[in-house]
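Look for subunit A in each of the two complexes below; its partner is subunit B in the first and subunit C in the second.
And then the complex of A and B:
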């Protein structure tokens, strides 16, 4: 059983955030909220979405899981008016999920849960740097890097965070001193550098555009964890993205 | 695309003049055989068969020219020679059966046909007159048809080798044409032909899943016999070949993206007509890259090694693959078809190395059949990308660094780490 009412902007952003990596996902409900975990086909980026009970205007669910084509669900909801509440109801008998906004409603057939790729295991990694950056600034840095190359480099040391990209003819460099970051911590003696594909980071930046802050956890040639609160309380979406390395064939 | 075609026509004329001055014996161009001499020999062999009136059984095919579109030159292909059985007639216009033939044999096949022409408007396909309807219906036939044709003048022998469609045979403007035998239309095809509310994409895919191949579908699409009534039109043959390849591949891609990925590295190989293919299947989402390398002496090399790459990312591409044109689409479709049949998807890099043995373009069917043969061969299996690339490197003549530098997928595959490699 699942029935909930939520701000349309929150659910649209949440569904978009998952759909950039995966089409078919397993959506889990329990009395505390909903969560989804998925990885892209290339096993390069993992997404975790958590929406807590308090993030909904109304929430009633018992423990269960469904298979959902999240891209189609997002396509159905993306034209909802800004801030319009959306009601979500699981029609277990018909094996469908129903989305209602005002007097308009859509229903979507659920997928066979056994046919959906297993939820990925999160690698246990230790990332020595944590920086919190404004969502708009993050998007600005990514947009600037897109003009230069197809990758973005995150550097962090005792002075702060540096974001850069290098092309054949031009370079881009953005330095944010630690005093200007909302939060910054680095394990002593560490200076880290990791490079990531903009194919992924650009899509993720779109999800973070309207967020006040984006948490970045960075290591040295290690995956980056990017996290943001996308709902009014504790709900969040986070991405773990594997790095690119420079050596080629 | 039109600029490319103008350029290719210009180069053909330029090359012919250049070679003519050297009487075809010098081979200073670096080619193994002289294309001008070839043309001359072919001309001599069929000149006696050309006349103002031809009555004969012929393969059920038409040719639609692209010059001047939407005012187009269109007409059925008529056989100059007589054969004992239907199959021999059919092969004349059916590239799926041409695999294994030499360039000389191929040219002989094509010059056994006359390309009849009359000027018409592409839009008339939706409302054809008696003659156009006859032409449309003959393309649907699966057996040879008996045609009587009278031309304004004796057909002119102007062989033209096109990079996309098959070599174009002698042509003549038609004065009178009639279909003098029954045609045989399969029930599935008849259903699609008369269903004027079914769109082209669904119609083509329905027939493809019923076992009709790209060559047949290209003919009926080109003749404007498929799709919603008001949108039916004659489509120039060279555009139709690429369009059908792309339409079917796009439909197959919708299914392939839901398949599980392969878990090993596979390499398929084949060589035909101086075109060597090494096709690498890697684990991952469906992505496709076609890398063509024209070596000195081949059709489009102009003395240098020319390497081009066209890439289809996971999310699909929205632009025409202008660097490779029809060859890119002809290679992609059999690869997608293979994945659908095997129930597994992969990230694919197709290497095509073209040597000086390929000195006359014969059309993109050569790419399609070459790739199909490669995929029907038993693949070599490797456990890592490095091993598979070392093997491919040993099979290609051109320095592999050149391929590597241009490849989007190889650069990604060798620089992008995966999350599972960080599991402790």
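And then the complex of A and C:
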């Protein structure tokens, strides 16, 4: 059983955030909220979406899981007006999920859950740097890197966070001293650098909003964890993205 | 181009990523022809530089080749030599069509009928010596090898796959399969949409891969039989038999065993049959080529494209930077950390 009402902008953004990586996903409900975990076909990036009960205007669910084509669901919801509440209801008998906005409603057939790629395990990795950056600054850095090349580098040391992109003929460099970050911690003696494909980071930056801070966990030639709130209370989306590792340096 | 035998071919949709680390022999004339006909301004005129010279081919070659290099694909361009004597009929016909289309293009442009202007401009496309020469220069600066076929570029490219020097032939034309190409890829455009000829509609296109052995195994035939089928349907070297399409031709060849027996059974003849078969089965090709890829020469490319041909410096530099970077790093997967 699942029935809920939520701000349309939140659910649209949440579904988009997953759909940039995966088509068919398993969506899980319980009395605390909903969550989705998926990885892209190339196994380069993992997304976890969590919306908590309090993020909804109304929420009633018992534990269950469904198979959902999230790209299609997102396409249907795109029609909702800005800020319009969307009601989501599981029609268990028909094996469908129903989305209602104003006097418009859509229902979408659920997918066979056995046919969906297994949810990925979360790798246990130790990332020595945590930096919390303003959403607007994060998006600005990504936009700037896009002008230079198709990758972005995150550096962190005792002074703070540096985001850059490098071409043979020009570079881009954004330095944020630790005092200007919302939060900054680095394990003693560490200085880290990892590089990532903008093919992924650009899409992820679109999901993050200007208003919400972005939490970054960075290692040395290691995956990066990027996390941001996307709902009014605790709901968040996080991405774990594998690095591009340079050869011959 | 031979008549369309695609209904009996087996294709797979692939992505650029699937072609990573492959060596690709590109049918240069076929590709340049596409660039010249498709890359145009809104009124149907080709891209031109400040001196009034066409640059559509340079734009196409530069951006498509760069895109391949970014994906770690190794291209080699194969240029046509002297066409076989039997092709002159086709060549003459094409020339007449082009000349008529060019007249219509001029009229449409005068009348500001841009839709028809583009249509006729595309039909009147031709390659000249200058276009070829400039392409070869640009490829040299990009560090990409060019091979000059003694005859048809496609047969040379196919031969290079048979020898194992390249993996796949890239062409819009199916003929390379008849020439024995082990694999053929079509639709290698950078963009994902293509306009339908004579229509206002656009369709999504994805690269298509054809594997010769899969096609032959599916129909339980050999390459000679595939050539027989194509000749029955019609090639650059013969008209084909009226009312025989690829599916019917396949049935007939399987029933009778060879084109000669099919023709005897249906009471038809094909002029120069043995010569046509020979063009496909024993094409005039050369082993004198060297496939070496060099690093792109940035300064020369910028000088050539931006200074001589008025390309956007910013776009060219950005593209060159991207090629360079793709060579030095590798995308890892999360699997390494699980």
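FYI, the second predicted complex is superposed on the first by the 245 of 249 C-alpha atoms of A that agree within 3 Å, B and C clash if a C-alpha of one lies under 4 Å from a C-alpha of the other, contacts with A are read in each partner's own complex, and residues count from 1 in each chain.
Here is the rule we go by: a residue touches a chain if its C-beta (ideal position, glycine included) is under 8 Å from a C-beta of that chain, and two chains touch if they have at least 3 such contacts.
The model shown is predicted, which means the values in this text are computed figures rather than measured ones.
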Three-chain arrangement built on subunit A, subunit B and subunit C clash or fit: clash
First, second, both or neither for A:209, with subunit B first and subunit C second: neither
Which superposed partner A:167 touches (first subunit B, second subunit C, both, neither): second
First, second, both or neither for A:197, with subunit B first and subunit C second: both
Which superposed partner A:121 touches (first subunit B, second subunit C, both, neither): both
First (subunit B), second (subunit C), both or neither touched by A:30: neither
Subunit B versus subunit C as contact partner of A:245, first or second or both or neither: both
First, second, both or neither for A:43, with subunit B first and subunit C second: both
Touched partner set for A:148, first subunit B, second subunit C, both or neither: second
Clash-bearing segment of subunit B, relative to subunit C, as chosen among 78-86, 222-230 or 258-266: 78-86
Subunit C-contacting residues of subunit A that also contact subunit B: 39, 42-46, 120-121, 123, 125, 197, 222-223, 240, 242-249
Interface residues, subunit A side, partner subunit C - complex: 39, 42-46, 120-121, 123, 125, 147-151, 166-170, 195, 197, 222-223, 240, 242-249
Contacting residues of subunit A [partner subunit B, same complex]: 23-24, 39-46, 117, 120-121, 123-125, 197, 222-223, 240, 242-249
Of all residues in subunit B, those that touch subunit A in their complex: 257-258, 260-261, 284-285, 314, 345, 347, 386, 389, 404, 410-412, 414-424
Subunit C residues within the subunit A interface of the complex: 70, 298, 317-318, 320-322, 324-325, 328-338
